[in-house]
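Across the two complexes that follow, subunit A remains constant while its partner is subunit B and subsequently subunit C.
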Partner chain A sequence: MRNSLKIYKPFTLTGIQEFMIYKANFLFFIGGEILFCFITFFVWKAVFNSSSSDSFMGFTMTNMVVYLFMTYLSSILTSSDAAYAIGEEIVSGSIAMRLIKPVNYDVSFLFQEIGNKIIITSIMLIPVIFGIEVYKFIVSGEIQFQWIHFLTYFLSIMLGYIISFYFNICFGFLAFYLKNLWGANMLKESIIRFLSGAIIPIAFLPQTMGNILNLMPFASLTYTPVMIYMGTYNISETIFFLGLQVFWIIVFFGLSKLIWSAAIKKLCVQGG
Partner chain B sequence: MIHVENLKKDFKKTLKDPGLKGSLTSLIKPKHEIITAVDDISFTVEEGEIMGFIGPNGAGKSTVMKMLTGILTPTSGTCLINGKNPQEDRKKYVKEIGVVFGQRTQLWWDLPLTETYTVLKEIYQVPDKQFKKRMDFLNEVLELQSFITSPVRTLSLGQRMRADIAASMLHSPKVLFLDEPTIGLDVVVKDNIRKAITKINQEEQTTVILTTHDLSDIEELCSRIVMIDKGKNVFDGDLKKLKVDFGQSRKLDFEFDLREIESVTKYCETMKEKYNELSYKIQNNKVGIQFNSDEVTVKEMIQTTLSNVNIRDMVMKDSDIEEIIRRIYGKEVSLNEE
Partner chain C sequence: MRRALRLYKVFVSQSLKSLVEYKVDFLTGAISFLINQTLNIAFLYIIFSQIPNLIGWEFEQIVFIYGFSLIPKGLDHLLANNLWKVGYYIVDSGDFDKYLTRPVNTLFHVMFESFEVDALGELIVGIALLVSTVGSLGVKFTVLDLILFIVIIPFAASIYTSIKIIFASVAFKTKRSGHIIHVFYMVNDFAKYPTTIYNNLIRTIITYVIPFAFTGFYPASYFLTGENPLFNLGGTILIASVLMTLAIFIWHKMLRTYESAGS
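Then we have the complex of A and B:
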């Protein structure tokens, strides 16, 4: 185990270095996301203003703000580029260069992206959480931050990321059949945004639908960690949803291995 | 060391009729065709041998290389390298081999070159001391020093190729697979690369398989040639055998007095009409006649020329490998091997 960590560590280090090279890219991305976040904020503000009561579907405006910004943070932390990256390697045939190295295909990707995530987390996590807590303090007049929620949130975010990674690996394998993933990727992103509660909180949806979505893997990406942070779940619910996250990791991990072993036999490397 | 037996690879290809209509039909009801890229190829390579793997474009060389390196799975047949099946335990197998695909790179595109070597050192678990020694050696033969701290994307093709070859040799592999390692390079860089390959081969008994379209690579490096065409084995043996088997082509060069150009041209024309496989070229006062020694013997050729033309100087040349290969690719030679 320690040995294999040693093998994959350089992938993480190079992931960090690569990230540094494309700083501007990242800044634009964050800028776009912040813009999107504020637009959603104003939309919900209008909804709350037009409502006669203080709360809407059990959410106060404060809750809504926390929800929006936490979802924004979480979806960045759990997002994975694996589908795109794998698709690209399959389509261009450079997957061959990864296959001639004595490393696991998926694990080398994972550790490379973790390098990315380490930087993003260290840049974003503290400021956003801090901002949200300051906002809550101003509105309520008391400090509501709870370590236990924060730490469980962090654990849940990491699990969410691994689900996202293996889901994306599976999705990326579609490139074996589609040969170009750009369109499919756009579709996937929109569907995930909706199903993971990033656009409308799952709690706002009709109950049966909400229940189903809650059990689906997409809720595990961002909705579960955010709910944990907001303290919506009691202990047994928290344990259940963390367990569900682990369950989805196992499912997608297994599925990716299955697809891989089937696809590798049919692999044809494109372009020379 | 390397045993390849009855290797075969089929690809499924989707057929599309031309035009928009064709695109739509193939979207709804795709038609497939099976293409055999590699058809029943067998050969063995001994330890420490440098084997040149040649054939025209699209002959299936790269496909064979990809099967040997464990990237592709053969449709049927087996390959055993160092007693291992590349498809069975890929991770363990690739530890013992080094691979260069000339058209791709295994270097980290955005990072300084040294970073790639550091990553490779960890991946292959090369001990510090050995790594240093190895880097010194590679630096020396491939002259990496001047660009080792530059990001890979800023390297020229020649630099990148040298860097790629160094990367494939870093872990002292037992077998080296080089797919067109000299593609697009200038003479000096080619020379460096050849030297590095020879040195590695001599010092460490590394077995090398290389594909190339540059026949001087073959002449300088390879003790052994396997030639394939349309996925089939066409020739297997050393350079000498190739020349003996297919080398009936000879060339007679002579100089003459420019005043006699008319009679020389006339003589060449009559010879050309007489023999099917004879061709000639006149340049100033020099003539080159290419002929097949099965059709007209060397002795006969010299005698008739001497008695017909007043020549100043003459040279009889052995067929060079390029000529032979041109003829084989062009299907002028009957492939009596089969």
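Then we have the complex of A and C:
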């Protein structure tokens, strides 16, 4: 275990360095995302103004604001570029370089991206949570922050990230069939955005549809952690949804191994 | 002009050829736009199932504005998508040299070189939303309105193009500006809703600074209500013309600072 950590440490350091070089890109990326957040905020504000009661399907405006910004934070923390990275390496053939090294191809991708995530988490997590708690304090007049929710949220967000990573690895294998993953990637993003409750909370959907979505892997990415943070789940529900996250990790991990072992026989790198 | 048209025909036919090569890519691209828009409409539908109207706007009216905003967006996407590539990698990789050696205006060449059929996803959804809501809105849509609509769309689309030109030309100095274009381009999402839902700051920004409100809500609200043609339509034409002139000026000014990145 110690030994394997040593092998993968350089990948994490590369990930950190990569982030440092492209930090401007990241800043513009979160800038663009936060615009989306504000548009949704104003739409909801108008909805609450037009609604006859203070709460909309069980959410108050305060809940909604917390939900929006927590979802924003969580989707950045759990997002994974693995599909893009692996797709590019397959198309360009540079995956050959990874294959000749005595490392697991997926674990090396994972550790590289974790380097990235360490920086993003340390930059964003505390400020966003702090901002949300200050907002809640101003609205309600009391400090509502609870360590247990925060820590469970953190655990859940890490599980969510690993699901996202292995899901994206599976998705990246599409590059064997498509020359350019751009369109497929966009399709994936918009579907995930909807199914994970980023556009509209799953609780607002018709009951049976909501129940199904809750069990699907996409809800495990951001919706489960956010609900845990907001304290919507009781203890047994929390344990159930964390278990579900672990279940989806196992499924996508297994699936990625399965596709890989089939695909590796097909892989044909041109040139060199 | 004749020569430009002839060149454009060549560019388009070249793009269509590469399209045939990547058929599946094209289909996934167009379908993803289609699904994206459908999910956004589903969002509106779920909201409106709970409230009678959104600060005075009916569901059909909001959908009409939404659909209207997609058409200029799609038109710009169809014709001038290559500007993104200038910002992301054409300058950075040194490939921009190619455009400088040709006896054609650089902006014309780079802008119209590719023809993005993916944009049909946006255009089709936009038109479908307009057609499906216009009947139930009870608005009289006359021949004059149709003419105004056809005239106003290219102006609205050129607001998108101008903003892309301005921020793409930043790449002449910095080598890469794709992410800057992205942030400013994203502001267009504000144009899909009535500006009355925003606070004053945002409303001022999307009207006068990054004037995307003129690509969606303002012209669309003229066709819905018939009010304020001078501001809603005249404003669109004026702002679009000013912005395009500015964009062309900035492009050529920034181009003078261009140094090749190639080796």
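Heads up, the rule we're going with is that the second predicted complex is superposed on the first by the 269 of 272 C-alpha atoms of A that agree within 3 Å, B and C clash if a C-alpha of one lies under 4 Å from a C-alpha of the other, contacts with A are read in each partner's own complex, and residues count from 1 in each chain.
Here is the rule we use: a residue touches a chain if its C-beta (ideal position, glycine included) is under 8 Å from a C-beta of that chain, and two chains touch if they have at least 3 such contacts.
Predicted model, so just to flag it, every value in this text is computed and none were measured.
Peer 1: Name the chain, either subunit B or subunit C, that contacts more residues of subunit A.
Peer 2: For subunit A, the partner with the higher number of touched residues is C.
Peer 1: Quick check on the superposed pair: does A:51 touch subunit B, subunit C, both, or neither? Answer first, second, both or neither.
Peer 2: Touch partner of A:51: subunit C, not subunit B.
Peer 1: Have a look at where A:35 lands relative to subunit B and subunit C in the superposition and call it first, second, both or neither.
Peer 2: Second partner only, subunit C.
Peer 1: Considering only the touch criterion stated at the top, classify A:184 as touching first (subunit B), second (subunit C), both, or neither.
Peer 2: In the superposition, A:184 touches subunit C alone.
Peer 1: State whether A:23 touches subunit B only (first), subunit C only (second), both chains, or neither.
Peer 2: neither
Peer 1: After lining up the shared chain so the two structures overlap, which partner does A:43 touch, if you call subunit B first and subunit C second: first, second, both or neither?
Peer 2: Only subunit C is touched by A:43; subunit B is not.
Peer 1: For A:10, select first, second, both or neither according to whether it touches subunit B, subunit C, the two together, or no partner.
Peer 2: Only subunit B; A:10 stays clear of subunit C.
Peer 1: Touching subunit A in the complex: which residues of subunit C?
Peer 2: Checking each residue of subunit C against subunit A gives 22, 24-33, 35-36, 39-40, 42-43, 46-47, 50-55, 118, 179-180, 182-183, 186-187, 189-190, 193, 197-199, 202.
Peer 1: Which part of subunit A faces subunit C closely enough to touch in the complex?
Peer 2: Those residues of subunit A that touch subunit C are 24-25, 28-29, 31-32, 35-36, 38-39, 42-43, 45-47, 49-51, 56-57, 177-180, 182-184, 186-187, 190-191, 193-194, 199-200, 204-205.
Peer 1: Along subunit B, where are the residues that touch subunit A in the complex?
Peer 2: Result: residues 11, 62, 66, 69-73, 90-92, 94-95, 97, 99, 101, 103-106, 108, 110-111, 115, 118-119, 122-125 of subunit B touch subunit A.
Peer 1: Flag every residue of subunit A that touches subunit B in the complex, lowest number first.
Peer 2: Per the touch definition, subunit A meets subunit B at residues 3, 6-7, 9-11, 14, 17-18, 21-22, 93-94, 96-97, 99-104, 264-265, 267-269, 271-272.
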